[in-house]
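Below you'll find the structures, each written out as structure tokens.
Next, two complexes with chain A in common: one pairs it with chain B, the other with chain C.
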Partner chain A sequence: MKAGKIRLKDIGKPSDQMVKLNPADFMRLPYPYDKADSDPDFKQLTEDQKKRYEASLDGVLAISIPKPETKGEEDELVRKFLSGLEKLLTKENNWTFLQPLSLSLEYCAKCQTCNEACPIYTGSGKQEIYRPTYRSEVLRAIVNKYIKKGGKTFAKFSGNDIDLNWTTVARLAELAYRCTLCRRCAQTCPIGVDNGLITHELRKLFSQEMGIAPVEIHTLGSMKHLKAGSSTGLMPVALKDTIEFLEDDIKDRTGLDIKFPMDKEGADILLIHNAGEFLSWPENPMAFAIIFEAAGLNWTLSSDLLGYDAVNYGLWYDDVQFARVAVRHAQIAKKLGVKKIVIGECGHAHKAISVIADRIITGEINIPRESSYTLLEDIVCNGKLNLDPKKNDFPVTLHDPCNVTRLMGVVEPQRRVIRKICPQFREMEPHGVKNYCCGGGSGFAIMPSMNFPDWRTRISGRMKFKQILDAFQDVIDPSINKMVCAPCSNCKGAIREILNHYNAWEKCGISYTGLVEFIVNAMVDIKEPYIEWPEM
Partner chain B sequence: MPQIEIGGKTYEVDEDGFLQELDKWSKEFAQGYAAVEGIEGELTEDHWKLINYIRDYYTQYGIAPMIRKLCKDCDFKLKYIYEMFPSGPAKGACKLAGLSKPTGCV
Partner chain C sequence: MLLLMLSYLGLAVFIVVVLGKIIKYLRMPLHVRWELYPVPHEKGREYGGSYFEELNWWEKPIKRSSLSQVKFMIPEILFVRALYHDNRKLWYASFPFHFGIYMVIGCLGLLFIGAIVNIAGLSPQSAIPVLLQSLAIIFGAIGLILGTIGAIGLLLRRTFDKDLRAFAAPIDYFNLVFILAIFLTGLIAWFSYDSALTVSRDYMRGLITFSPVVVGGSSLVAHIILLSLFIMYLPFTHMTHFIGKYFTWHEVRWDDRINTRGSAIEAKVNKLLNVKQSWSAPHMKPGKTWAETATEEVE
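Up next, the complex of A and B:
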């Protein structure tokens, strides 16, 4: 189906697949990916997978809802959706977000200004169903028809007479996972309508009322986090082994004898990393330790369950799960008697604990929370380390994690660090609060099943890849090593997959890392280069 | 739940081919699965060294080892691991070792 020919009510009309994705429609990429044939076919689900799961939206699976076996089951799910929607619109059941949700549902003027701001809509070649307002307009039409008084009569005349059947509900559930909650649409809206929030509230309805959520985010995500201590499954005993390894590795690489302070009561700072760093990017927590020790900070890590994993996946889909984790983080810090929590390089953890949790971390468990970016700025820009920028003399660009920049307005601290120590720094355009998402936001980076990674890399991450290539066009030759600085675990994971998919290291010499790695790489006292480039 | 058949035995796997139960693993499973992962012929001594290391670590700590540690402890370069397991340590070697898919922001 061609873009523009899909109407709102088509979402309720059963068919094998509402939209068929064709790479020829996708936004064109810059050199050396500007030829259509450098973009191979989009991965398809197997016939067996299509038979078992609800995949009739776009042939992509993010949440993999098993197909109901009977009409009765379908009707029950539709009933649950409608009762959940009613609850979502009442204060006693949704005190957290009812006001912005109601305002966004009531006041959209349908000017469609936000469409062009959305990297998924534009990256996909303007697929109608990915329009940030499409999902919201469907939901609005359902509310108007099925919840408002006299809605059914009015719907017949409005042209938006959506049939609320199981097809509609199942497609809407998948569609709630075709948006990274980057909120670029909300930023550009002339009257502040937040389509990202509407998506978030839809996810919440599906999770809290119907038990429908991606397995990686719920069962293997926030549930595992609460039970094992980390969504990665890293338990305290494995953390201990990991830390010992990191200490040895620091010694091997730098000659420094550093002991990670663990559970140190009364320290000034409790540093909480995204635990994915320990497993996939250990150079990041190692660099933090090197910098904090060299700057003479009084800091500690926690080995308490949850105290060593800053993630809070509930932020993306479930208020209850969110609150459980946020409160636990604050309690751990209080128990240790630290002065503040410092959040490592994890974007959604920034938003979770420093902004959204503000309404639950109150009274006795209220504790100051700070971004690592501002702390690092103080260390680097106030001369607490002996740094030589010449050690970072290669082209560098900076990715802005949406949750830290657009949401919290932390734009300059990380830039002052990079400008001071990376002489060949160049910005992506646009950047700062107008940045584009890495494509992995709202959990997408950690959803590696079936063809969802393909969708993420090819569509939601497409604009980011274009920005990276554009930033390096003058030095695109693969013999020139270039680095993307992405100070967020989730963003790093998404960017890693994009660069791997396009063989961007082999073809363009582009690699990626976090922020602290550049600082250690510039330290005069450390003789060997700290930043490692991929092996050829 | 999808199943795969290797050497006359049926195994339950997830949608991406990761074994669901660690204790159902056998050497035949690893050898049989090798071809699916683009490994030709018999698994070598180095393949087994890596697979056994991953399984031992998992048994002790309930998680796959970080790649950096795995390289150091087995004395393999990452590039060599990719030569042995073309889909890489996480997607290839861990799959043959019978581990479930990694979770969290990794």
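Up next, the complex of A and C:
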């Protein structure tokens, strides 16, 4: 099937593959990736994978649903889907989002204004199925035809001409993971319809009723988080060793003797990092410790189960998992008696505990939560550290995590920090609340199985890579070192993969890091450069 | 009299169903926050910032400006600003369409006031009724012309724009043709039969006083029939987005009310946390309340 020929009801028509992705269709990238051969063929699934899993949407697997063996199994799954859909529309089972969902299902005028706002739709070269409206229209048609009374009468006339079968359900499940929930589409809707929300609700239906979710997000994600203490698998005992390692590393790199305050009762601040930082980017929690100690803050980390991992994957796919993690985070803060929780450089953790959990956490565990960006702005801009911006005298651009900017309204603090200490700072366009997602949002950054990473890097991250290249076009020569500041673990992970895929360090001299690294790099008292550049 | 009955029926259905929809949305439970920035009541943060940008934000008064919401919404509603910025091609049709509707509603409002003034005994030749009638003619003429242009434009876009056509259903064309027919019959009635809108004003007077009015022109009869049928049909369609738009903005995109200890929001949340849910995936605990499900050990 060619793009532009696909109609709503095609989602239920069995075929080998609804869409075949071709790099020649993808949005063109700027120099030096403006040649057609910059994009090799798309990574295909093996025949065995295709045989075992439901991959008939676009030949990409995000959740890898095993194919049902019998028609009876298929029918049972369709029945469960419908029962989940009914629950999604009830107060008891979905008070959390019932009103926004109902509004978005009822009021779309099909004007398609949102399409151009979507980095996945535009990045893919406008694949019909990636329109923000496509999956929403499918769900709307199913609700109108199969849930509402009398929906089957005039279904064709009303645009609800769709067949609810296993093909539809299986493709819809995969399609729920072709949107990063960045909600850029919602921002442009003249009526306020939110296709990102509809994706979110679809994911919930699959998870909460059918137990279908990407293994990295559920079993190895939120479940592991709840049971082992961290989705990284880092147990409290191992955390102790990790912290000791970080302390040694600080000593080696800066000469500073810093002891991470652990489980300090009555501290002003409980700092919670995305635990991925400890393992993938230890320089980030180290930099936080250096800054907080230099600024004389009364702070602590927690070694309690969950207390050292700020992630809350439930935000992306499951309200119950979300609530479980949010409540535990708040309980830990209460137990320590801190005045506030400060969230490290993790975008979704920001929104999870500050915005969404605000109507989950009540009573004595309702302890104030604050963005680390805000605190860092106070430290940097109010002269609490001795900083020399010349130490950061190289081109820098800033990536805005959607969860922190568009979805939480923290836009300026991180900019004020960067403007103060990075003399060659330049904005990406667009930025702030109009930013583009890194491509790794809503869990994509931590989903490495099958050929999904290829899809993420080549399609959902494409617009971000274009923005980065555009921001540095005047200094694109690889001999000039350039840095992308990405103050979010998931964004960093996604950007790392994009830069690696395109050899952007070798070809353009572009690397990436977080926000605190720039601050420590600018500290006058630290002689050696803190920011490390990749080796050629 | 039949015509009047149809208009009453149309109005009655419209009011009942629209009120029903508003009540349905008002009665929905408090949802979790899902705001989208910029939120215009955040004073001094027009770039899209929020109170979360303040250090220890909970210790400081939050500066809010309700006026900013109004300032944002007026051009949004009157001039369809979102489309102007993000979908200019469609705006060229959508703006005259919507503005035409507003002008026609304005015209009907003026005719209504004119009828009341008339019932009160003021001579149609005195200053106020003349002014009202003149304004009604201006509003009506502009409205009908713009509305007709807009409806044709939307029909053409829906038919020839491949992005719009891809999702177009027969009902979408039906709705546009229906509205176009209302505008066209109104335009013809105005040109050929009731250019001073005196019959229209008298019809309005008849509606208010429950007294039959003789409407001679077939174009005006057709216009009244179509309009009455349309307002009866409208509440059952997505075209009631004038209701949706209030809720999507005020109750979702801009709802950043904070849950503080002892607040009304907290009381609502506590109540909702004690509702039993029935999700049945393996990691769920169907039959338990949200609070129990969230706090008990996971298996």
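The definition used in the following text is that the second predicted complex is superposed on the first by the 533 of 536 C-alpha atoms of A that agree within 3 Å, B and C clash if a C-alpha of one lies under 4 Å from a C-alpha of the other, contacts with A are read in each partner's own complex, and residues count from 1 in each chain.
FYI, contacts are C-beta pairs under 8 Å (C-beta built on N, C-alpha and C of every residue); 3 or more make two chains touch, one makes a residue touch a chain.
In this text, all values refer to a predicted model and were calculated from it rather than measured experimentally.
Chemist: After lining up the shared chain so the two structures overlap, which partner does A:Met450 touch, if you call chain B first and chain C second: first, second, both or neither?
Modeler: So A:Met450 only meets chain B here.
Chemist: Touch check for A:Glu201: first (chain B), second (chain C), both, or neither?
Modeler: A:Glu201 contacts neither chain B nor chain C.
Chemist: Quick check on the superposed pair: does A:Met408 touch chain B, chain C, both, or neither? Answer first, second, both or neither.
Modeler: A:Met408 contacts chain C only, not chain B.
Chemist: Examine A:Asp10 and indicate which partner it touches, taking first as chain B and second as chain C; both and neither are also allowed.
Modeler: neither
Chemist: Name the chain, either chain B or chain C, that contacts more residues of chain A.
Modeler: Residues of chain A touched, chain B against chain C: more for C.
Chemist: State the interface residues of chain A toward chain B in the complex, per the touch definition above.
Modeler: Within the complex, chain A contacts chain B at residues 48-49, 64, 216, 220-221, 224-225, 228, 230-235, 237-238, 241-242, 245, 249, 274-276, 278-280, 282, 309, 311, 346, 445-446, 448-450, 489-490, 493, 535-536.
Chemist: Show me the residue ranges of chain C that touch chain A in the complex, using the header's touch definition.
Modeler: 25, 28-39, 42, 45, 47-58, 76, 80, 82-83, 85-87, 90, 94, 162-164, 166-172, 174, 238, 240-241, 244-245, 247-249, 251-253, 256, 258-261, 265-266, 269-270, 272-273, 275-284, 290, 293-295, 298
Chemist: Report the residues of chain B in contact with chain A in the complex, numbered from low to high.
Modeler: 2, 14-16, 61-64, 66-69, 72, 77-79, 101-106
Chemist: Which residues of chain A touch chain C in their complex?
Modeler: 4, 6-8, 80, 83-84, 87, 91-93, 95-100, 102-104, 106-113, 115-117, 128, 133, 137, 156-161, 183, 186-194, 197, 207-211, 218, 223, 226-227, 320-321, 323-324, 326-327, 340, 354-356, 358-364, 366, 368, 370-371, 374-375, 377-378, 405-413, 432-433
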